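Take a look at the structures below.
Two complexes, one shared chain (subunit A), two partners (subunit B, subunit C).
Presenting the complex of A and B:
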């Protein structure tokens, strides 16, 4: 690839933040999007920033990719301060978001990749070789000469990923890179990202609310909620330290509110997912007292619903989040919306 | 070298953007707008002038045709940085341009070069179309000359004006970064003001003091004067005297534009507006 010297991994973190804070001035109030963020991300890892919508993931990526200045605190990438030395950081990074267009509709996929390579000053012949290599790895080669507007969502997203690697960056920030993709495409992109970290010695920094994705590919995960990092470790350690087996109850008809259940003594957290087709809700409970499950069952029955079945589930990152925050992503997002 | 690559690639993207119309009708409308504007302006001024004073000199008609055609040409690419940022915010392209190692200035400059190159033939076509329109329909041949020397002089004036138009473009682009919508409000306002202050339709001397000073300070005034010296008066002395002021003032405006743009970018980064669009 393009990088002339692949830097040896050092003990120095490639991305580091210290008491990072970002506020936005709304009409009559100040909104704190990030508060006291302390993070250290090592080289050549896939690092996940996991949190519900509105948790502050995109804001952190915007700061680290030099799009936004922090209100206070410090953030460095490759040792350079994002606030004071953005011009030194930009050649070393790239960024992509799964939710946005990859480039100009009126030029081809190849043209878009070449254009962005030139903005990084990459020699044209080197850029052309990279375009071939990346498009082959992302199975994009048959669409390189198609104009962007003719590409499907999946191929546009592959192109977005290719663009984020066109300058051979040391750190790539990806915001929801597989959002809206079918299962197979998402899987192939995840595999590609892992290979980029392991084989190309890149740091892949992914912001996502996809827990399965985080668990599948991330070496380390920071869980973020309401602008604060609530835990940061490997997925295995997070599950070991914070996860607890969940009790899952299938309830019909679905409950209107989780308020009564959340207030039961011994319930550390509860979340509910509704299966509209079957007319049931799947209640997931994290409890530290067996008696709490019985009490919840009683509340369900007293509210006119029935527990159809229940079982235990091994902890995943979802259970970790519920244990830490007391609610699931869906509940947090609806709280924020209200 | 890195910056040059970025400018060339951006000019290529700009060229594709300028000529790659998927809707031919829209493309023709946009491309012929300066010609139509020039012809209509010349016709209106002629008719009003004739009805008020009874006569209208061919030289006066040429004055209006050259001024309005070249004013439209400057407008066609001076607004380009604003357009590129507004379009780039909506398509998210500007975000990714901004975080590249060369960042946004070479990109906007390259897009400006493409718009300039695609606008020059239209400016020339506007002049020719307005000339024949005046001769055919108004029955008054404008006092314009087209010789190799006058065309070269015009080309020199166009080139010297480029930094000034880009400077103005960068000033307006800083506004486009800071606002989340209505990016065109300020450029539209400036376009109207510029028409009055750049000698597009009448000499700066008819403006009351101190407004005439504004016109006398703007490089666009001298660009249009130099163009008239080339195409109407055929005067080397007038041309040189206009260009002597046009060149340094054009460079000063470019420098000023870049400073204002850097300030706008800084503000945009502080407030989180570089990649923000407001619905």
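Presenting the complex of A and C:
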């Protein structure tokens, strides 16, 4: 691979933001997408930015990858200011989004990777070696000479990941890299990303709303909601400091309004989901005391529903989010939509 | 630059159907015009139609392959990849132009060969002048494409409508079907002056004069000078416009960001 220069003392964070703020002007009103973001990301880690849709993850990634200027505050990558020195940052980074097209349809996977390597001035022989190495690691080698339009979503996504590493970047920004992938493909991509951070000493910065993904691969996680970082630590510490065991209650329809349940004294947060296959609703409660669970049970029963079963669940990042915000991702997203 | 040219050439040459479509459109249009001229007793004009067919192939490529390319790249996220990389956007555009010229060349060559075989129009070329005019006209044509690509980026979805709107009027006014400058032009002088602002009009006029009337470099020097100046202004404007768009996009979030 071709990493050439170390451009800063290694004890500095590779990505740093200070009171970062970004506003957008939209139809006579100002939308604050990011507010007072303070982050420090060390080298060679997998860093997760976890939040519901609309939380500001993509905006932050776009600022850090020099596509967007902050409204105020400061952000640096590899010691360089994203606003003032984008030309010094660009050779050192790469970016990929799960939503992007992996390249040009009528060119082979190999051709696309070579083309994108040339945007970074990578020598063709080095690029060809990198293509072989990356495609072997991502199990893409049998499809290298297939045209892009013939590849399945999973292989296109693998190609996108390979593309984001073709210039041997120090920092890779990935926006929802496993979105829409089957479980096994997503798992293999996650394992690959972890190996890139550990073996290649690369910093992988992932924005995602996938909690299981974040928990599985991230060394550190920042939880973002409505443009603000509400917590930042390792997944284990987040669970230890903010997570509480959840009480899961399976109830028969109709489901009681979540607002009524959330307003029960002792309920710190609640979320609900419908299990369409089984025709039941599942309530997840974070409570301060056991009495709150009983009170919620009574509300459910009084509305004509029936509590079918309930159990305790060990805290995951989902419980951390519910504890911190009071609601789950789905509820936050529907609030934003309204 | 080379890599972007390679992508364009490879995409077309690897797809025989595309190649056929590229060849078919200008060939059939110019053949139709040439047949019309011949049946109207204007055999010498059939040569103009064939020449128009050759340039029409390039004009079509500029509109559909150059001008709107960045707009489509933006829609699918590839433009973000360009912006995040250290590559110069102008260099990518130049690469796209070179690739466009090479991928359109078969269409132009086949139109020329078949047209001349079918209609044998009387030609009297001044070869050095022809080659020079052709080259500069081609560069100016792709410089228009470079400028249009930045405008399409700015105006987004309307790009395709602009393409449609520009296609036929420019084809007609620039003289791809018949002479639109000089004594044989059906247009009044005022309109001729206006359409001279289109580089293709000046290029087509100079090509016609060098291919059919043996005019040499001396007699078309003013056309060459104007074309060259226009080309330089267009390339500079395209480069500036892209730079301004990129800066504005970073500031306002309009170029690549999707507000989520």
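Going forward, the second predicted complex is superposed on the first by the 330 of 338 C-alpha atoms of A that agree within 3 Å, B and C clash if a C-alpha of one lies under 4 Å from a C-alpha of the other, contacts with A are read in each partner's own complex, and residues count from 1 in each chain.
Keep in mind that, in the parts below, a residue touches a chain if its C-beta (ideal position, glycine included) is under 8 Å from a C-beta of that chain, and two chains touch if they have at least 3 such contacts.
Nothing here was measured: the structure is a model prediction, and the numbers come from that model.
**Student:** Please determine, from the superposition on subunit A, whether subunit B and subunit C clash or fit.
**Tutor:** In the superposition, subunit B runs into subunit C.
**Student:** On the A-aligned overlay, A:66 touches which partner chain: subunit B = first, subunit C = second, or both, or neither?
**Tutor:** both
**Student:** Contacts for A:74 in the overlay, against subunit B (first) and subunit C (second): which applies, first, second, both or neither?
**Tutor:** After superposing on A, A:74 lies clear of both subunit B and subunit C.
**Student:** Would you check which partner chain A:187 touches, where first means subunit B only, second means subunit C only, and both and neither mean what they say?
**Tutor:** Neither partner.
**Student:** Just subunit B (first), just subunit C (second), both, or neither: which does A:129 touch?
**Tutor:** After superposing on A, A:129 lies clear of both subunit B and subunit C.
**Student:** After the superposition on A, what does A:201 contact: first (subunit B), second (subunit C), both or neither?
**Tutor:** neither
**Student:** When the two structures are overlaid on chain A, which partner does A:53 contact: first (subunit B), second (subunit C), both, or neither?
**Tutor:** second
**Student:** Which of the two partners, first being subunit B and second being subunit C, lies in contact with A:31: first, second, both, or neither?
**Tutor:** In the superposition, A:31 contacts subunit C only.
**Student:** Would you tell me the residues on subunit A in contact with subunit B in one complex that are also in contact with subunit C in the other?
**Tutor:** 24-25, 62, 65-69, 87, 90-91, 93-95, 97, 100-101, 103-104, 106-107, 111, 114-116, 118-121, 163, 167
**Student:** Please output the residues of subunit A touching subunit B within their complex, sorted ascending.
**Tutor:** 24-25, 62, 65-69, 87, 90-91, 93-95, 97, 100-101, 103-107, 111, 114-116, 118-122, 124, 163, 167
**Student:** Over in the complex, which subunit B residues touch subunit A? Could you list them?
**Tutor:** 1-3, 5-6, 8-10, 12-13, 16-17, 20, 22, 91-93, 95-103, 106-107, 269-272, 274-275
**Student:** Which stretch or stretches of subunit C touch subunit A in the complex?
**Tutor:** So the residues of subunit C in touch with subunit A come to 2-4, 6-7, 10-11, 14-15, 18, 76-78, 80-87, 92, 249-253, 255-260.
**Student:** Tell me, which parts of subunit A touch subunit C in their complex?
**Tutor:** 24-26, 31, 33, 53-54, 57-59, 62, 65-69, 86-87, 90-91, 93-95, 97, 99-101, 103-104, 106-107, 111, 114-116, 118-121, 147, 163, 167
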